[in-house]
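Shared chain: chain A. Partners: chain B in the first complex, chain C in the second.
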Partner chain A sequence: MDIGLDIFLQVLVWGLYAGCIYILLATGLNLIFGVMKVVNFAHGQLLMIGAYVTFSFFVLTGFNPYVLLAASIPILILIGVSIERLCFRPILGTGKLNEIFISIGLIYILENVAAMIWTDEWKVIQSPFESITVAVGDMKIPVDYLIIIVTTVIILVALYIFLKKSRLGLAVRATSQNRKAAMLVGINVERMDMLSFGIGAGLAGAAGTLWVVSGQVFNPYMGSVPAVKAFAIVIIGGLGSIPGAIIGGLLLGIAENFTVLTIGGAWKDAVAFLILIIVLIIKPTGLFGEEAE
Partner chain B sequence: MIENQRLVLYLTLAVLACAVLIPLVTGLNVYYLTVLIIMVIFIIYASAWNFLTYSGQGSLGHAAFFGIGGYISTLIAVKSGLTPYLTIFIGGAAAAAVGLFIGIICVRMKEWFLAMVTFGFAVIIQVLVASQFSTVTGGWDGIAAPPLISNTVPNYLVYEYYSILLIAVIVILLFRVILNSKIGLAFSAIRENELEARAAGIDPVRFKLLAFMVSAYFAGLAGALEIHYLGYITPEIFGVDISFWPIIYSISGGLGTLAGPIIGTIVITLLWDGLQSLGLTYGRFIIIGIILVLVVIFLPRGLVSLPEEIRKRVPKWKVRFNKLLSK
Partner chain C sequence: MKHTYVLLLIGLVLFGAFLAGCTQQQVSTTPSQALKIGVVASLTGPSSTTGKDVWQSAQLAADEINAKGGVYVKDLGKSVPIVLVQGDDESTREGGQKAVSKMITQDNVDMLVGGFSSAVVSAHQSIVAEHNVPYIITGASTPVITRRTDVNTSYMFHHAPTTDDSGSQTTLFIDNVIRPAINNKFGYPAERPLKLAVLYQDSPYGKGHLEAIKNTIANNSLKINLVSQETFKMGESDFRTALTSIKSADPDVVYVAAFLNEQIPIETQAMRDVDLKKIFIAIEPNDDPDFYKGVGKYGDYSIIQSRFSPYTVPKGPTETAYKKFVSDFDKKYGGFPGMMGVATYEGVYIGAKAVENAGTLNKTAVKNAIATLQMPQIVENMQGQTINFSQDFRESKFDLTMEQLVWDTAVNETRPKIVSPANLKESEFVLPDWYVPAKA
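Our next item is the complex of A and B:
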């Protein structure tokens, strides 16, 4: 197939924007893994809840959906903190597969609570900027894509400043590096667990809002696909490495959109796993991953 | 200990007697038969999944094997005209071959990595079946599968049920024999400490691959039975739900025990159908999810360990009760 430069650039921008949602999910997963050493397989369901929260507020208030980030993030932080407290804390330190089993339970609970509240039909809302595009050279980029990319960058920079500059962020990083030592210097590690899980869930909520704003359809069962992709990114980029998550997310977003262009749409969801499997065959601990315990 | 073994034997025989007698007692009621058939098929499937955990491995994508067993068996039965009672074993063998391939890739991986890769394979195989091989598999529309026993035979469901029950009993006995042999011992050694197992002269790779193949074989067999019973197959069979059910059954029953998946399947299936008859469409998923979370937190060894847990706690309750009385 002959791919012109403009199509190449177009796909690149699509990939960047798709990558943003994966990056937010994968960063949250990584933060939780870094601090608690557990993997929340129900992370995509948090994105789905974030999407529905945005949808509900949009229908009720009619605000610009981007403003609703201010609603979806705090609500998801609350949900995340309760999930950590009720489900994950009791199993900390028990068998490693238990968190996967708990997550499966959570997936069923979250999906079907959402289906009870919002029914299981596909929903979609329209962004107020839907028809506005920005011309860059020959191609037209929807302004929504640009706002989404900028929003993601702002969220990530805020997270970076929080982790690197604030005392609380220092405590989070200390817990993530060495839990016992952090305990010894007087950090309340259980509070750090709640905090990191809350932030992780909040990032998933932000991803949910961006998912809705970009005009993608959603229903209660849509969460697992973006989540497993985010998880694949986390493994490719290395468990616990946030820069790895960002690079991995961008790569996957771009790879996916090129796959659609070259092989066909059916392979869009499978390509993440193909990359994942190839990476793991070459290096069973992930590209930038440390030796697994 | 011997007392216990005898108890287990009696219980097993009692369950088996129930399984044989219920269709007769209920007057060959079609609804009960369909519930029982699905239950027995899923007992095979959950036991096969559970078998994998004996060797310290796990899988979030067993639907891949379940579905491959179904597809291969259906395709061969349609093309050759053989009875499904033969083709199901070919379907199982195909699943085992794919299991060997996936196992070779997964054998060095642990926990989350293994979980993700197995999950990923189910997605990839679904895409392959639905798009690349759609000329053979009928794509998303699926294809019709020949029934185990033609529905012109009177009471064909009864024959199907007893034949499936027989297969299930044989499969579980086989698992028991394997796990009580030296192979089972090697599995436990690898599960507890791979390094020490290797030091003792056990080749972990060989045994892990064996566990993967056996598990995939019987998952494929169960899938083939299910498909020939249902009469059609679509790529939906590779869905997340089909991968998660055996996990839910095995965990709620008790991971790493032969009885666990059987008890878990029976209890959860009955609960599921009970909730369905109450008209809870989404509620039943929520209840199953809550049960799963509660079991993992409060009863990590599953329902099988419930009598033991109660026995452990009764003295404490008695003390508390007496305290209350004396006040």
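Our next item is the complex of A and C:
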């Protein structure tokens, strides 16, 4: 098919939007892995809970769903902290298998709890800005997607400033780089675990809110597919690397959408793993990953 | 050390007891003689909403039959009650195999009713074939279910419209109703072909629709040009790029073969994000209250092909039975039973009637009785007003309706009006003012 400039740009916007959701999810996952060296397979379920938290507050208060980021992020931080304290801390260091099975178990627990609270029927809400578009050349871009992209950038900048400029952020990075050395200089690494899990969950909550605002449907079982993509991004970008998660998320979001346009939707999910294989062949540690200790 | 082993053993026993308690078993204790029907339903997993409808509808039918004294079996010289056995396919192929295998080999069911998606049913058909158990399949829209040759399907009967049936009737509607309406309204020549885009799920269901569309166009020499064919994976939620691609092909109509969780974002994203001002066509599994709620104003003027709607009742001989079934279901369980629900409700009645006709619980005799059944339609409109199964592929044939969604300010949602077939029509098909046809 002929791909004109307008179609190219339109698909690029859809790719950037998808990339934003992936970035938030993968960044959180990477932060948790970087600090705790734990792979949280239930990370997609945190996105799902973020979506339901937004939905519930929207139904109860009628607030603008973007404002509800102020509810979904803190609530998910609390849920993340609780999960870390109750599930991961007791088994940390007892073997990777324990961590894996805890996080797999959490998938089913969180899905069933969500189904119990909100039922398993599909839900959807619409943004108050749904009918507003912005003209870019010949294109009309719904303003929601621009807000989502800008919101993601703001969240990432805030995370960057926290990690680079604050003492707490410095301690998180130190724990991520060398846990033993961090302990030796007096950093409470368990507190850093709790903090990183909380922030990671909060980012998943933000992804859930943005998912809902864009008019996507959701039910308790919707978290697995985005989570699989986030895992692929983490590996593509490099384990523990936040810039890697950002570049990987954008790369995947855009690649997926151009795959749909050129080859067809049936190949959309495969492209993540195609990129993953190519990246691993060229650079086994991922785009921004460092050699394992 | 000894204590550790004892504790471990106690733990294992308790865990086993817990697991046994978690597994849903038969509904009630089985009387010594009963017609045992295994209900294959997705009671857990992503399709559990539909699965619940299937199970509850089967229960409603069994309760009604039992309240009237049960099923008369001549060989036994008495009526026996129906006992339903729950088979949760867990919305997966493996779950279906496990459930069907258990119901046949451990619960010794006399027949099976139900089955949801084509993929799940296909996976357990070989088990049914191996044990020669009559199976009335009330889901699984692919015609392959009773036409495949790698498995003996002679004990399987398909009581749900196939993708061939619904694809063909919908394509004929596009040619007979929508194409003339566009050509009239925009002053195009009557012979101008309609440009059709198809967005379909990459599954037997979606591919079956695409195939049916192509065959119907070819076999009837319809003036319809397929200008775009886009596909997506089951469960997809982001259709913006596929819809952008469809928009660039400039169709008149977009035919979508998708499930409810896909249909809602497709129509929403098309209208809201891609500005694709076309007539959208949805297929029957979507005619559910959740669809109307989810799609909101974006569904206005779209078409839905249906056979059992929550909001419109076809006038005619089944009207009373329809209303009674919906009302009884709502009173007993709350909510709307859905298409899979009504087909399973009928499936239990079909099974009971076949046993009565056979006069025995012998599986081969029951299978033969189903094959030769001539039963008045129950709730859904059947072709010839009779439930029977075709000689070649053992499929029952439904009368399908085409409905157009119209915004209803009283409920702040769209509501359907039947626009085809002519004998059931409630209003004429309308092209909205915002509609933009393909360039001539």
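Details
Please note the rule applied: the second predicted complex is superposed on the first by the 285 of 293 C-alpha atoms of A that agree within 3 Å, B and C clash if a C-alpha of one lies under 4 Å from a C-alpha of the other, contacts with A are read in each partner's own complex, and residues count from 1 in each chain.
Rule of thumb we're sticking to: a contact is a pair of C-beta atoms (placed from the backbone, for glycine too) under 8 Å apart; a residue touches a chain by one contact, two chains touch by 3 or more.
Values in this document were obtained by computation on a predicted structure and should not be read as measured data.
After superposition onto chain A, the modelled positions of chain B and chain C overlap sterically. In the superposition on chain A, no contact is made by A:55 with either chain B or chain C. Using the contact criterion defined above for the overlaid structures, shared-chain residue A:121 touches chain C, although it does not reach chain B. Using the contact criterion defined above for the overlaid structures, shared-chain residue A:142 touches chain C, although it does not reach chain B. Of the two partner chains, chain B is the only one that A:39 touches; chain C does not reach it. Of the two partner chains placed by the overlay, neither chain B nor chain C lies in contact with A:22. In the superposition on chain A, A:10 makes contact with chain C only, not with chain B.
In the superposition on chain A, A:284 contacts chain B only, with no contact to chain C.
In the superposition on chain A, contact is made by A:269 with both chain B and chain C. Of the two partner chains placed around the shared chain by superposition, chain C is the only one that A:260 touches, whereas chain B remains out of contact. With the complexes overlaid on chain A C-alpha atoms, the stretch of chain B that clashes with chain C is 25-33, out of 25-33, 115-123, 205-213 or 241-249.
Overlap of the chain B and chain C contact sets on chain A: residues 115, 120, 264, 266, 269.
Across the complex, chain C meets chain A through its residues 45-46, 48-49, 202, 230-233, 235-238, 240-242, 244-245, 248, 260-261, 264-265, 268-269, 272-275, 290, 294, 296. Residues of chain B that touch chain A in their complex: 58, 60, 105, 108-113, 115-117, 119-121, 123-124, 127, 130-131, 240, 244, 247-248, 251, 282-283, 285-286, 288-293, 296-297, 300. The part of chain A that touches chain C in the complex is made up of residues 1, 4, 7, 10-11, 14-15, 17-18, 115, 120-124, 126, 130-131, 133, 140, 142, 145, 215-217, 219, 221-222, 225, 257-258, 260-261, 264-266, 268-269.
Remark: chain A residues 39, 41, 87, 90-91, 94-98, 100-102, 104-109, 111-113, 115-116, 120, 224, 228, 231-232, 235, 239, 264, 266-267, 269-270, 272-274, 276-277, 280-281, 284-286, 292 touch chain B in the complex.
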